[in-house]
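One chain, chain A, appears in both complexes that follow, with chain B as partner in the first and chain C in the second.
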Partner chain A sequence: MYPENDSEKKLMKDLAGLLLYVLLMLMLGIVALYGADILISTTYHVELSFVKKQLLWIALGLAGFLITALMDFKIHRNLAPVYLLAAVITLLIVFRFPPIGNSHRWINLKSFTIQPSEFAKIVILILLARYIEHAKDKMTSFIRGLIIPLLMVSPIVILTAIEPDLSTSVLMFTVIILLLYVAGTRFWHILTLMSGLALIAMASFKIGILKPYQMERLKSFVDLWTGGHPYQQELGRMAFATGGIFGSGPGLGTIKRYIPVRESDFIFSVFGEEFGVIGILLVFVLLLGLVNMLFKVASRYVESAFGRYYIYGFGILIAVQSLVNIGVNVGLLPPTGVPLPLVSYGGSSMIATLTGFGIAISIVTGEQRG
Partner chain B sequence: MEERRIRQLLAIFFILSLAMIAKVVYDALIGAQIFAFAFTERIPAKNGTVYDRNGRVLSTDLLRYVAYLDRDYLMLNSEDGEREILDLAKTLRLDPSYLREKRFPVLMRAPFESSILAAIPSNFIKFVSIGKEYERFSISTSSFSVYLKRVERYHWDILKKGKDGYLSHNLVSGERKISEPSNGKDIRLTVDMDMQKAADEILQEAIVEYGAKDGLIIIMESQTGGISAIASTYDWPFAAQGYFEPGSSIKPIIYAIAMEEGIVSTSTTFFCEGKIRPLEDASVVIHDIDAHGTVTTVDALVKSCNVASVEISKYMISKIGLERYYWWLRRFGFGEPSGIDVEKETSGNLLDFSRWYDTFFAHLAIGQGIGVNAFQLIRAFNAIATNGVLVTPHFLHSISGPDGEKEILYPSKRVISESTAIKLKRILEEVVERGTGVKASVAGLRIGGKTGTAQKASTNGYEDGRYYSIFLGFFPLESPQYTVLVLMDEPSTEYLGGEVAAPVFKSVVEKITEIGEKDTPEFVRNAVKGVVPDFRGLTVKEAQLLANALGLEVEIIGRGIVKRQDIEPGRIYSEKLKISLVCGFESE
Partner chain C sequence: MSRITLIFLVIFLGMAILVYRAFYLQVVRHSDFVAQVEDLFKTTSTVPAPRGEILDRNGVKLAWNQRYTLLEISGNFDEKGLQNLLRTYLSEKTAEVLKRLKEEGSVELRLPESLELQLYSIRGLKVTPVYVRLYRSEAFSHVVGYANTEGEGLSGLEKYYDDVLKGESGLLLKSSKGDVIDRIRPIPGKNLKTSIDVRLQEYAYKLLEETGKPGAAIMMNPSTGEVYTLVSYPGYDPNLLSSGLDEAQWRLMAADPRGRFINRAISATYSPGSAIKPLILAAGLYYQRNQTETMTVNCKGHYNLYDSSGKLIASYSDWYLPGHGVTDYVKAVAVSCNVFFFQLGSYLGIERMREMASVFRIDELTGIDIPWEKKGVFPDPRWKYDNVGENWYLGDTILTSIGQGFVRLTPIELLQLYNLIATRGKVTVPHILLDKSAESWIIDLGDVFDRLVESLTQVTTRGGASLAEQGTAYSVFRNFPVTVAGKTGTAEVGGGRAPHSWFAGFAPVEHPAVSVIVFVENGGYGSQTAAPIARDLLRKFFELYPEKLTD
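Coming up: the complex of A and B.
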């Protein structure tokens, strides 16, 4: 279609765009965290602890990004079984550590904690991309197109679920299903599986397998539609109301002080209060722009099925996780603890996302080289 | 396929994003604006209050506290919610199933918050929210309550409350927002509860004294039509919704029509032999109590002669015809609601002239064959008291609004000439002085009145020994202040209007003048009739009160306190007099 150097130019332009989107998201995250921070700094004289630490996480994340971006992506394909093993082991290790808030999600290394499930998300993408590359022609089969890939990644999803971190495991499951759908799994196969799972879920709800706090969250979601207002989301809505169109200004939000986990799960509300509808539109522009660019680059420049599906999966992960987080913030979804990728405060999430992004870049550049 | 599915996903992400943006925009602009005011207290709107003439409360919304249980919160926060709910139900004597059924069941209502806090066990208080509401209370100790209820309903559009208001407090900015509740408007009635109480007492005594089944007394301001009191023993608004045959009490109206049409004059004579056959070829005979012999028009009405009345009615038919006769009756307000502001007023029963049978005129002349409600009757009779003007009987005096009370103006119309009315007034005075109504006379007071005795009619014709005993009167004669209707239903000791209703009327008049005197300020009591008083130094209101008492007409110029009067104090007057009063304020 294009002359060789023209297409080369186009690729560089698209890659630059991709990097720009990510950088803008990171900057937006710092600005948002500044808002979450400034309150503490004025009240308790702690100076920008979130921003400072987040900058460190970004630095570490960028280091991971550089390493993976410069590595040959095929290494990951070959190491996939090792990654799976590592993910399972780390997800088992978390049970050795005392729970935080009834949940074993973290490995505590004194100076910092690691959340293995964040890295496990990337491992899932690598595993699936590899599987799809192998089974490209058999995806229309119920067993080989849906059940086998699901079983393959199920240890990660199940271990995450019993940490318990139900929201992350549901998120993983959604990403898996969507990626398989793109790879050609039949829609009605997915539908059949979903209805089966829904039946099991209803049955377990009846006999009370769900934990009390899970019941509570589900109830709070039901209440949301029947008139009740879960506290956090109520505050989120209040933040948007105070923010209005133009926001109350950087660092000047007031509702935010009442919002729990404002630095991570509810960073979007904090940003919304301070930058208003305008700021929120910007978030969506960056998010959809980034995802669109990932999809475009994958379909346009990536020949190998592994590479293409990895990038698709990465885009789907970013999109789904962001929309779930924002959906919770705006009160359209029940309160769940899912961070906003590239924006929310948190080391594991930041490093895992940036490292994952590095793999995507290495795929694009590697394809071109080889 | 892969590309198509990727595009599908992108589209889904885009649509979900739009939904979330829409939600944020909604919250930012509308949805959460009120929501941001975390502590919102409802200020319940209030229906208007009904006052009597002197500002006493007749009916009002009273604040009450309501305790609601947050059932789910209780269930969630207690070990054995089910048992606690049973305990609570037992303590408060409530049905446990009611507490289980509703999300926010009402535990109790009380006039004070403290009584709720005292009644509910302390361990439940945290699950209870206390709200405010209004409950309507109306006086019930007076027979007026029967009408009050219907008057209120008639004017409910005025009294009706609008939206609740709220007071909200933004916990972040500290900003407070108040939205006023839209309360209903207050109204003032013409009813004077002092007079009402007196009328109630008089009626109760009369019922016992005459062994009557029921009774009704209406006291109406002659010049305005405002009802000052309505005592009644019926448990329904008989005066507005029931009708009866007026009997002889309709005669002043028949005479008024005849005099106005020039059919009779005060000197026309009639011969009464005690009975009359209205039509030669009909079997109907109308009887009289006595054979009155030769009587003038005046005597005929004074003695309530049936024969003369039937003859007058007969002349009327031949001279003016049925249609115009009917037109006159309609002009006096028969056959249509009087306009009284009581819900569902009846039109009474007045046959259209096309359906008048041949001897109808004779029955009409003695108040038979026509059904009137009490307000229609007192209104028509009152046209003589007002020198010919038909007023609208009413209860609603004024409506309070943002800029003070607004008095309601009611339609009135002239129905007969002043000269005819004055002639009739004199005759009606003689009714009380020397006629059927002597038992209504009060020493030192000029009263005009008319008796009526109406045999009660049922579907089987007239019933033996069952009567309405009626008296209609007004006083003082020159410029009547009050017009009164007394109706006794099935008195058993006596039955004639002059024997039963007239003495009741007398008690009413005596009581009213007593009340009036008690309320009369010194400057009015000290004034002498026929001598121009000194208005200077009085307020406009006081001056008008004094002028009314003396039957003087005053013209008020300016505002404030009377400074000058154009006719010197002390001058003797006998005719109608109009005095101009120039007013001003101290500083001027």
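Coming up: the complex of A and C.
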């Protein structure tokens, strides 16, 4: 599907296209956040606090992007174990901070907070890409193609799960499995593993290995995954649906004000209310275009397995995360705390995504330099 | 097909499902959701009703409202539309008002009601009429009372007639976008026309204020029960209370040792002193007619009480220590001879006096139409036993017969005594609302009331060389253009303080048009402080209503 093409001109065109998609997504995010900022009761004394701060996060993210884009991507490959260590340590540090909403997800540095799991997602991609490069002929093996890479990244996934941030850890797991599949892991291996996990889970329920209080704990743990209150989802869907074909117009939504976390988890609903079907289609076009372009560029121009699978993984991450976020917004998935990449308000997500994107760019340009 | 292509297709499929779902919600189910949202987010707000005004008998405003319009931004508001409407009224000030509205989110303006109604149609603007209650002055505080910032009447007429005054608030139903869907207009409260005369009321307040002592004054039409004046000094500024005063102001008002919030005219009881004597005489004339009519005492300034063995057990002084000499009942009232009433009281006994008090309902609520009227006390042995825990002594009877001892009455209760004498037995429930059909009844005591009027007239008309002969209010009412019947009262309060000063009466004697009572706390002799105020009030009354002079 993606025939390789050595022409420098074509590469530059594709890279420009990639950058353009990202910039358009960022701009769309700012427009959406403007809506989240403007509340009807205070139309005339708006501080645009989300927009202003998000611009700062974008600036920091673009700085991260520039640094990684200009760096030699092989450094990341070499530093992968260090990254893993850093991810594990920061995911442990979060437990030192008081929980926010029963969950230890953030490192609080007074003026801002860091969510290590957002950065850990990129670390997972680097680790897997490196592993796949290393074991690319053995991916068909159950152990070496599935179990070992899973064990390798499991500290991150498990620590994220016990924060608890089950939705992010499930998201991570999904991205890992998909990337391994792309890298050649056998489909029936994956199926076997999943069935095995499901059986173990069911057995432990049935046989009653778990004591009642443990069951309770597990149940509340699962509840945390479907964490948010359904009513915010209901409001999100309501705001979204009232958008109609053309939407209420920028800043003019009326239902959005009632949606909790409208600036991050439910930014899509805010955007839907204000820009209608037309605006929503634009979001899908941009998302699909971005993911398609990432896959295309990786297939066409990237020779190294590390580089190619990193970019595939990055594309898969963006795609899956968007699908989950939008699925929640339109009421097809239970409420989770997954942000819409490049659009939702949030520093950690923005900086991690743009830095990760910088790595992808450095891979493409680096390959070309030789 | 490569695996990444497959993954891309899966992603594409996922997106397609989401696009379909989005389309389903935003287009197919759009109207359902819009209806649901309308239902959930339409707002109803109450529109306050203006409170009725309180007017005096000539239409002068005692309590009224200042209307403001509160504008608040409550949606994506139509600035152009507001600007256009406001410009017609505010012209160049419009820009400034809009600026303030946008900066602070709300602004309060004085706008005509017609413009306010037009403002309702401006999208995203919450329009609320705000009424601030205003009052004429302190002089009316105990009659009119006040309503708080929420428009609830808390005292005086404002409380008593709250249901009439407050009206019914309206409703405003707005869509989620801020458009008016429906409106139920508020029903304004009804105006109250009172029988109060502003000029008399303010004059009475001024006269009491000049004494510097707490007191009360009431003027009424004895036949109709209309209250012309009801003053309690000191009052308070109701405007402070209605606009929500701060704590320091409240403390200052509440801490006044003279008690600004007590309505002395109806909510406080005092010894009536000699002003009770007409009741005692009425008992004498009714129950022991011959004895009373023929009875004379030779007043030597004191009254001795002996026991059955002839031993002196107590001696009671007259207020006039040289003595009034030979005194019958007419003179006894005129010169306020205590010795005569000691004698009469001890002949009559407490039960007879108490019976007459019951006939007159002297210690019962008069039923005046303002809140917190207090009941007075006319004692009897039973009452004393229940409340003091002691037996009744003859001394108690003697003190009761001159309005001392345990007798305690409110000025309005005491005035009702004079009203029924003025009307020769017709009692009417006093009222401040002008067109109130007041309950009334007749007390038939034969010609007793005529005898009482005769005696009370002597108080102001009986001349003489000395205080032994002169009516107690003779010098006060000398050369007064109309004959006044009345009685002074000087109630000893003990503790070295000056006595309470009373005067109650009515005029003209034959067809009384007005009755008056004046009470000054620790004001000294009745003739000294209360009577001159009563005279000035009566003079003012006949100046204002000269047609009532024709007897």
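Just so we're on the same page, the second predicted complex is superposed on the first by the 328 of 370 C-alpha atoms of A that agree within 3 Å, B and C clash if a C-alpha of one lies under 4 Å from a C-alpha of the other, contacts with A are read in each partner's own complex, and residues count from 1 in each chain.
Just so we're on the same page, a residue touches a chain if its C-beta (ideal position, glycine included) is under 8 Å from a C-beta of that chain, and two chains touch if they have at least 3 such contacts.
It should be emphasised that the depicted structure is a prediction, and the values quoted were computed from it without experimental measurement.
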Side-by-side fit of chain B and chain C on chain A, or clash: clash
First (chain B), second (chain C), both or neither touched by A:Thr242: both
Touching partner for A:Leu252 - first (chain B), second (chain C), both, neither: second
Partner chain in contact with A:Leu109 - chain B first, chain C second, else both or neither: neither
Clash-bearing segment of chain B relative to chain C, given 56-64, 164-172 or 506-514: 164-172
On chain A, positions contacted by chain B and by chain C: 178, 181-182, 184, 237-238, 240-245, 254-255, 258, 272, 276-277, 280-281, 284, 287-288, 291-292, 295, 299, 312, 316, 319, 323, 326-327, 330-332
Complex contacts: residues of chain B adjacent to chain A: 1-3, 5-6, 9-10, 13-14, 16-17, 19-21, 23-25, 27-29, 31-33, 35-36, 38, 171-173
Touching residues on chain C, where the partner in the complex is chain A: 1-5, 7-8, 11-12, 14-15, 17-19, 21-23, 25-27, 29-30, 32-34, 36-37, 40-41, 73-77, 101-103, 105, 124, 176-178
Residue ranges of chain A touching chain B (in the complex, touch as defined): 178, 181-184, 234, 237-238, 240-245, 254-255, 258, 272, 276-277, 280-281, 284, 287-288, 291-292, 295, 299, 308, 312, 316, 319, 323, 326-327, 330-332
Interfacial residue positions of chain A with respect to chain C in the complex: 1, 40-45, 178, 181-182, 184, 237-238, 240-245, 251-252, 254-255, 258, 272, 276-277, 280-281, 284, 287-288, 291-292, 295, 298-299, 312, 316, 319-320, 323, 326-327, 330-332
